[in-house]
Amino acid sequence: AGQVGGTPAAEGDRTLTVFAAASLTGSFTEIGWAFEAAHPGTAVRFNFGSSATLAQQIVQGAPADVFAAASPATMKPVTDASLAAGAPVTFARNKLRIAVPAGNPAKVDALEDLADARVKVALCARQVPCGAAAVKALDAAGLKVTPVTLEQDVKATLTKVELGEVDAALVYQTDVIAAAGKVKGIAFPEADQAVNDYPVAALAKAPAGDLARRFVDLVLSRQGRQTLAAAGFEVVPAP
Amino acid sequence: MTGPSTGPSTGRGAGLRARLVVTRPSFALDITLEVAAGEVVALLGPNGAGKTTALRALAGLTPLSAGGTITLDGLPLHPLPAEQRPIGMVFQNYLLFPHLSALDNVAFGPRCQGASKAEARRTAADLLRRIGLAEQASARPGRLSGGQAQRVALARALAVRPRLLLLDEPLAALDAHTRLEIRSHLRRHLAGFDGATVLVTHDPLDAMVLADRLVVVEHGSVVQQGGPAEVARRPRTDYVARLVGLNLFRGVADGHRVEVGELTFSTSEQPAGAVFVAFSPAAVALYRSRPDGSPRNLWRARIDGIERHGDNVRVHLAGPIAAFADITPAALADLDLAPGQEIWASVKATETHAYPA
Amino acid sequence: MTGPSTGPSTGRGAGLRARLVVTRPSFALDITLEVAAGEVVALLGPNGAGKTTALRALAGLTPLSAGGTITLDGLPLHPLPAEQRPIGMVFQNYLLFPHLSALDNVAFGPRCQGASKAEARRTAADLLRRIGLAEQASARPGRLSGGQAQRVALARALAVRPRLLLLDEPLAALDAHTRLEIRSHLRRHLAGFDGATVLVTHDPLDAMVLADRLVVVEHGSVVQQGGPAEVARRPRTDYVARLVGLNLFRGVADGHRVEVGELTFSTSEQPAGAVFVAFSPAAVALYRSRPDGSPRNLWRARIDGIERHGDNVRVHLAGPIAAFADITPAALADLDLAPGQEIWASVKATETHAYPA
Amino acid sequence: MTTSPATERGGVTGRAPWPLVVPALLGLAFLVLPLAGLLVRAPWSTLPRRLAEPQVLEALRLSLVTASLATAVCLLLGVPLAWLLARASFPGRRLVRALVTVPLVLPPVVGGVALLLVLGRRGLLGQWLEGTFGITLPFTTAGVVVAEAFVAMPFLVISVEGALRAADPRYEEAAATLGASRWTAFRRVTLPLVMPGVIAGAVLCWARALGEFGATITFAGNFPGTTQTMPLAVYLALETEPEAAIVLSLVLLAVSVVILASLRDRWTSSP
Amino acid sequence: MTTSPATERGGVTGRAPWPLVVPALLGLAFLVLPLAGLLVRAPWSTLPRRLAEPQVLEALRLSLVTASLATAVCLLLGVPLAWLLARASFPGRRLVRALVTVPLVLPPVVGGVALLLVLGRRGLLGQWLEGTFGITLPFTTAGVVVAEAFVAMPFLVISVEGALRAADPRYEEAAATLGASRWTAFRRVTLPLVMPGVIAGAVLCWARALGEFGATITFAGNFPGTTQTMPLAVYLALETEPEAAIVLSLVLLAVSVVILASLRDRWTSSP
């Protein structure tokens, strides 16, 4: 999306590189367009992937300006290596929902139903943010759930529900919204005990340092938060 | 197709009757073959004549084209796939299975016919012993000499007790001693069973000794067939003439005189019409100047080449007719011949042999 | 190693001098070979004697064991890898490159020697034309008949203009007609260059015609060598005797009398000590009852087998000595012979030939 | 087909041509250097502790068992398929041959989804399997084998087909003249002749199955003891503890290298 | 090595043995049925729209270009390596041969990490490459090629080695007697003889490179236009629109099947 002509030479043709968790693909792509519109001559390049991989890449010297992770834990290696410019800021939260296939064949309507041995349940693995959150929520409810599978990420968990392979799963609100029509989301009170925070940080050695800060600002702005809220994120009050 | 059919009158379908038709873009085979049970027919012919193709067609490895049929012991063979034909085949380049020992190569066929492993190996060991390769039984083909490999191939083909035995140059790689032994072993084996045998060989001696009848193939067609003596005495093509070591010419006869191109030959026979004239290279005498003696068949020739031939010297003659003359080394020295030289050649009428073409 | 060394006195190192030592677990080769420049030596021997092994060692394909050396034209050859030796080799099973046309197979060597593609192909086309395969130039080896393939292999070896030509059964798959042509082509080619040639063949005629000298190998050792006539006249082993078609016995001579086992032979020569006695199967006469005629060398024999042999019949005799007798079919009918029968055999003293062992 | 003459010519190292040796060594370095990188980074001190964890051993055992079973399945179905592609001629063979590469090109996760669509609870065949035989594949060890076999089979089929095409079909003809049916000829002649190719294919297949991740986790899920193979354990470890992931990978590697190094020469030298 | 006699024996279908045909068809079904599942589920109506998206075409083009370049790299380095393993004898050959399978067994994401450790900006070699030549591989199209080549090369090496082992070394001897150096013999005799095996290996290699995901996204990142290949696009689509992911996969598949079906026969029939 390089800009040619019409732009004052002063801004130059600049590129801002944003590393962002895959679950932010939709909302950040939109925010990126907004940023390009606001900064003519600037192109935003995204590298969407697993937060842990992105962190690894940044530690190994990847040319990134901004890092938006899906959990504080995955942001940690970057801050540990003193690669973040300032403390990361939480810009969004995600809450768990019970997802059931269209038609809800196992008639699940509360968290307790997941403990029923006849209900096939998929959870995220404990190592990934949605899995950690699920453990917290189930602990809070004092439930012992034996899932048939511990998925590597939330999308994989959701796929199992969409295809009817499991009767229920714990996924994020954002995922339920993205899969509208194919799965049904059921809210439950313990979800509040297992909120997952998304931190964002401009990076210390950012090749486009000033742009990086401005991009973070845009994410935290009203416009950014609206975009995130539309995708199902719980928006953090402006700092 | 010019030779008189001297095929044996096979009884009620016993033996092989085949019309082998194979049409390829650049080559066409169409021969009729009859081999009585117990009979050995040698297929002779120049390289590329179609002998291997004929054997492959009999074995079912090359499909017959329209018009081809094969009957063995009264039963049609051509509808059967190769593996169901009761045949044994020795390939021109052995094709021993490289991953099996000599013993297991030979035992392969009996195993396929349902023999137990021990039984098949006993049969195989016995055959290997008979061809003098007991010691090499456990060797892989890669460790066999060329002749050893060919003997194993022979044993492998015999091990299936075939009703039709197909041999493509089975003795070519054998040394004189072994060849003699294998040849008589083969003869004895052939005498012992009543199947038909088709043998391809380039060795006139093998053909004469082993075969009851010769079938000469050239360019995919039969050009002559008959008993060994008949073929040896009355060759009908240049190839056969060379095979049996004769000079051969085609001419038109009228009493004792035969016109061969611009020459006229006197012969001892009195055929009429189109004839062949044959004479041995040894019957040709050479002179530096025109002789006045009795030989009537005299012509002027140019020496095209000289080579040793056994104890004698073979002189290639060009001129009105292309012929060979065999002379002794002493005569060569006397005449002081050299390639390119013009000389006189003659052959006595009594040494020439004329017969209908 | 018993034969007198009749190797030519090679001038200042021109030609091949080799001691070929190859030691395998179950086989040991150790022969000395001298081939003058321009000379053709035929390696003869029974299957598995080590002929191919010897050629491979000369070519550098089988490493020499300790003690082996090869010198060509005065320069040591054994330290060189195969590809740097100025050799041409025809393999017993052709080994034509299956992915190249006949033409490109022949052009391969010249290309490796640095000729341009066009040049190499011209050379190759020329050679193919000379061996009568111009039409097959573009055919892949899989589409060639056995004889065509061997001719291409021959052309491929000649195309590199080798200083040492190694031929393993180069004429075995050729028909009589082609063999004659290729043989004289080969002779002409060999005459044209001054390299050494080592030829393996099982065909006595080929050996006699093509070779200046024969080297007979058995069990990895040289058992006899000499000019073709010498070897043919005075065989020193059973193998050679069979090769040249003679009966051979070892005996002890004393004047005109030679003791062979329990028999005493009269011979025309007067050697002394250990001798060989040789005579032709045709010189053996057979009788149903004890004859009273002149032949002195008379013994009682049992008929072991009878087979056709050319125009004659070959009778295998067992008894005090194992011998062959060639008789005419007419004589066979007269005598009414059958295997197992006891008869009298004799050979005239003038037909036997005795020489020091 | 004999290898003895080559052996007789002796080792090649003395005068191996540099246009082959130089790229070969470069290639080797390219394949092995990254391993060196992992070794350097590996937290050797914690290695013994990790190896003692029962979950690791369980995952390792599961990986080896499923990869071997998957290879067996692939040999059983893949060698005949390769034979069909190499020796039979039927309309559309070119297309079929290209279709065999489908699982290779399909991103493994999509491959897993495709398997679910066919063999899952609501899949085309899966419904029938469950209804008729009570067999469910997803979330079972059998499902892991299916996923691994699906992803790994093309490797076997394509290498074996290549080997069959390069083999001399005249040996099969010789077998036919000895009364061998095509099946016998295949079993006793063709297969031994192409054994190096089959082994190469089986090695590829086994190694690929051992490293399979995406299709397995998508089709069979991830549960310790039943479906969590080493690559799944590695992937999840990567999320929280990259060092642990490296250790696990090295364990997987070491085991597979030891197995391959000890097995292969005995097999390949036999034909 | 001639195939003509086999051709002369005609099609095999007439009396192909069922112990081969039945498993072959089962195998084929196993490989192809999941594709059918995808086809059934694919949202055909949106297909034209998707194909029109420039990003899709860009990713497809990038995938094809990088997979082909990676295959070229693998051929260049892998064929000599296969030759060394098959023909040379040197101490530790068994180990080296087993080490070649490392990238196969390594979970691709870990492979990507390993590549970063070695060729990354802070990697063992990467630092030197950047310092000396100013070359950085990670997050560039060249990096994609490197990652794909790393993952795909073992397929080539192992199939070609299998083919070389099955080939008759006596043809190389014949070439040597004609004055061919080992290099010439390799180039003009051995290589053409094992061409079916090389092609099989190259096909495996190309297809694997085309489907490569884990190592690529880890080592080269996921930048549209420079490093986002089709499998990466599929991964992202799975995040937002699973149907789109299926469409993208099918596009990738269709293109590769068409390419393989059109290329292979012409190549394989040549030797």
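Residue numbering begins at 1 within each chain, and the chains themselves are lettered A, B, C, D and E in the order written.
As a working rule, a contact is a pair of C-beta atoms (placed from the backbone, for glycine too) under 8 Å apart; a residue touches a chain by one contact, two chains touch by 3 or more.
Here the structure is a predicted model, which means the values were calculated and not measured.
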### Task
Mind listing the chains that sit against chain A and also against chain E?
D
#### Entry: Per Cα centroids, the chain farthest from chain C
A
### Query
Using mean CA coordinates as chain centres, what's the chain C-chain D distance in Å?
54
#### Entry: Centroid distance [mean C-alpha coordinates] between chain E and chain D, Å
14
### Distance from chain C to chain A - Cα centre to Cα centre, in angstrom
87
### Message
Suppose each chain is reduced to the average of its Cα coordinates; what separation in Å results between chain B and chain C?
### Response
22
### Query
chain D: which residues touch two or more other chains?
1-3, 5, 9, 15, 109, 113, 116-117, 170, 173, 181-182, 193, 195, 235, 238, 242
### Query
Which residues does chain C have that touch at least 2 chains other than itself?
61, 81-82
### Of all residues in chain A, the ones touching two or more other chains
53, 56, 159
### Query
Contact residues on chain B for chain D in the complex?
59-61, 81-85, 87-89, 91, 95, 97-100, 108-109, 112-113, 140-143, 156-157, 160, 166
### Query
If you look only at chain D, which of its residues touch chain B in the complex?
1-5, 170-171, 173-182, 184-185, 188-189, 192-193, 195, 271
#### Entry: Touching residues on chain C, where the partner in the complex is chain B
44-49, 51-52, 92-94, 136, 144-148, 151, 168-169, 172-180, 183-184, 187-188, 202-205, 208-209, 229, 238-239, 242-243, 305, 307-311
## Note on the structure
Touching chain D in the complex, chain E uses residues 1-3, 5-6, 9, 11-13, 15-17, 19-24, 26-28, 30-38, 40-41, 76-78, 80-81, 83-84, 87-90, 94-111, 113-115, 117-119, 123-125, 149-150, 153-155, 157-159, 161-163, 165-170, 172-173, 181-183, 186, 193-201, 203-204, 207-208, 210-211, 213-214, 230-231, 234-235, 238, 242, 245-246, 249, 252-253, 256-258, 260-261, 264-265, 268, 271
### Query
Can you list the chain A residues touching chain E in their complex?
22-23, 25-26, 45-49, 53, 56-57, 60-63, 155, 159, 162, 178-179
